[in-house]
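Take this structure, written in structure tokens, and hold onto it; I'll ask about it next.
As written, the chain order gives the labels A, B, C and D, with residue 1 at the start of each chain.
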Amino acid sequence: MKSAYQSIKEACYEANMQLPQLGLVLFTFGNASVADRSAGVFAIKPSGVPYAMLKPEDIVIVDFEAVVVEGNKRPSSDTKTHAVLYKYWENVGGIVHTHSTYATAWAQTQLDIPILGTTHADHLTVDVPCAPPMDDAMIKGNYEHETGFQIMTDFKRRNYSYEEVEMILVGNHAPFTWGKSVEKAVYNSAVLEEVARMAYLSVTIRPDVPRLKDALIQKHYQRKHGTDAYYGQ
Amino acid sequence: MKSAYQSIKEACYEANMQLPQLGLVLFTFGNASVADRSAGVFAIKPSGVPYAMLKPEDIVIVDFEAVVVEGNKRPSSDTKTHAVLYKYWENVGGIVHTHSTYATAWAQTQLDIPILGTTHADHLTVDVPCAPPMDDAMIKGNYEHETGFQIMTDFKRRNYSYEEVEMILVGNHAPFTWGKSVEKAVYNSAVLEEVARMAYLSVTIRPDVPRLKDALIQKHYQRKHGTDAYYGQ
Amino acid sequence: MKSAYQSIKEACYEANMQLPQLGLVLFTFGNASVADRSAGVFAIKPSGVPYAMLKPEDIVIVDFEAVVVEGNKRPSSDTKTHAVLYKYWENVGGIVHTHSTYATAWAQTQLDIPILGTTHADHLTVDVPCAPPMDDAMIKGNYEHETGFQIMTDFKRRNYSYEEVEMILVGNHAPFTWGKSVEKAVYNSAVLEEVARMAYLSVTIRPDVPRLKDALIQKHYQRKHGTDAYYGQ
Amino acid sequence: MKSAYQSIKEACYEANMQLPQLGLVLFTFGNASVADRSAGVFAIKPSGVPYAMLKPEDIVIVDFEAVVVEGNKRPSSDTKTHAVLYKYWENVGGIVHTHSTYATAWAQTQLDIPILGTTHADHLTVDVPCAPPMDDAMIKGNYEHETGFQIMTDFKRRNYSYEEVEMILVGNHAPFTWGKSVEKAVYNSAVLEEVARMAYLSVTIRPDVPRLKDALIQKHYQRKHGTDAYYGQ
């Protein structure tokens, strides 16, 4: 008998399998999830299962409190972080977490990735935010749950909208990206890695590299995402 | 019934498909075009179509004013830049735009790529020019059209010939390359990326690395492109 | 007739073949070994045989004094180092030596790889140790044997347990990793290379990058390896 | 009818085809040659022919004065450099020239590649020499012929033996490697690229990285190449 969640299980499986193909994960260092808003659940990768051995039926279904609803395996150790974001950010349809090399290296520096060019501005109008590491009590407490709040708190502090900025670095840890669909979240992870790589190269050529001027930021973002967008079909 | 532009459509398709194979584009971040001078048109990639899904019949035909002549899809958002260059640079047969990693990182620094070795001098005798970012009025105006003029203005200011220097970085944006044929334009994009990468490595090993001496610049360029060239068959 | 050591020969062959697949070795620059504790021997790659030509029957069996027990080929020139580690570290089941690019570059600097993020803390709670180069008498003496002692001496000096820290850089030389099984040792080599690469990027972005805070180190290590670990199946 | 030089033509073809497979050449940026000492000739890649289109019958046979003996195509533009080295270095059986990325980046800096680790010492006991750029008269004269002399002059100045040191960077240009056989020359090109890459990483982590101590240099070189060598079968 088919699972009532067959559709998000398969979408979740496909999204997870894209991560190693895009060069974004080594071994088990990442996970993708897909929400079914009407059912109030999401599908997520099981913990510690290598991509080469992952099967669609291994995908775990959990609710927005991170309680397992269906599945024989333990869900990703990062499940609570996904759950918090789905619970409070109601238009998120998919979330991806990786330890992709350049984005993670920036996260280790605790620095935002500065907006230096149109490749970046095609996707967001601000530096890629890096949330500071949590205080010790949060780390020792409900860690993965707190990671979700750390992300949301950073967005509130900066007054960013999760619908406009679909990525963050968690300081000393690694990136999380999201989107209306999991396909967009996967895309955002790959874009973030490339933007992180280009910024790495630019700041090591020229440490005082200037930030992209505002007119270019607005132009590139608006032509792709604005009300008069003319990019794409 | 076959299109009257079948030949340039296929050449354009082939050129675009080479870009991901050469590692020069991620997702949809690039486009190649091919001119038919006798017909006064060029073929260009449709906007936002992933390479994996691109088909020859998707290619759009536009004239040198960037008006669509044939095709069911919207042409690349960079079409006006291509159109301006074809209109004013009469011996250009193909143009390629990418966001290749190292070339784009240099563009983000707003620095020319210094000529440091014979790999560079085999292809051009000057630093790879980086045009400054446009002023705000140009950006807010007819942006992609102005990008073409920004490129041409930079060549005039430097007194460069587009037939000798077949590449430029648009500051804060990314590279454009061209050639008598689109095959040459694609080749130039790959060469530019490699030259950008080597220069990156050299300046990070030795920030005061000296520019290539003039005798070597002339020797390498002339043996490949001069009247007494003896490179190739 | 089958060898009494067929099982570790095959495991050793498989482990060695993974090294080029994981991008950790060029030509013959690496070797993996597998111990059979009950028989008091280990299987190791023959010296100087390219991976493309390696066959399971080429694997050499030696005892913990590095004396050949079975095999037609000369064992790896690093055999004595493996033998010392197996002899004194009784729970080691497999050892891998590579010259993987980033780890070896750190070894050349004679610096420990600083713990900067959770990717590192998921695997060990301390900087990746770099043992100092040996003194000249040891180098001129029984070099590969002394390399094993140099590794153990460094662990004693730092008060590290080989069961908790399963990797080291030998200064000016290259990494060694180990584990309860050879699969774990191979895994550790790949993790080390990625950790070395991320640390390289972080320190070149920000030379004064801070060390990971202790609460995060403990949290990430314990959730994967502690008594209440909840990572994996 | 088969060529009298069939054997070196095929060896030359195979060696050239390995260069792109090892990631050492882009487009036509490299060439390998193979000497037949008894016939006083060598086989070399034709000029400007892409590797994807190269066929064994395209290989050109020239003598040690660089005069074509057999072949329908023009030989590599670097043929005179190969010819000089074959003429004066009588035990060289194969030569390879590439513009591999890291080695060429070092050549652009005009710096020797410092010996920093055992990966380097396994192959040579000195820094990889970088010959200075030639003076203008030599460049404007018989350039490729002079390049061969520049290499030999640098070896004489440093008192290096071409049989012990089988590689050089030509300042501002790119590497040349050689060996008793062309297989060894190809191997040396790949080793040089990896050594160049590791040294790049080490000097950018730690600009004052110390040179490898002499005892380690001698130990690693001698165990592979000395009279009591015990590396390999």
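Please note the rule applied: contacts are C-beta pairs under 8 Å (C-beta built on N, C-alpha and C of every residue); 3 or more make two chains touch, one makes a residue touch a chain.
Here's who's who by UniProt: A, B, C, D = L-ribulose-5-phosphate 4-epimerase.
All of these numbers come straight from a predicted model, not from anything done at the bench.
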Find the chain most remote from chain B, comparing centres computed as mean CA coordinates. C
Averaged-CA centre spacing for the pair chain C and chain B, given as whole angstrom: 46
Centre to centre, by mean C-alpha position, how many angstrom separate chain C and chain D? 33
Residues of chain A engaged with two or more neighbouring chains: 200, 204
Please classify the inter-chain touch graph. Allowed labels: line, ring, star, complete, other. ring
Chain pairs in touch? A-B, A-C, B-D, C-D
Okay, in this complex, where on chain C does chain D touch? 26-27, 29, 46-49, 73-74, 77, 99, 101-102, 104-111, 133, 136, 139-140, 143, 172-174, 200, 203-204
Okay, in this complex, where on chain A does chain B touch? 116-119, 187, 190-191, 194, 197-202, 204-206, 209-210, 212-213, 215-216, 219, 223, 230-233
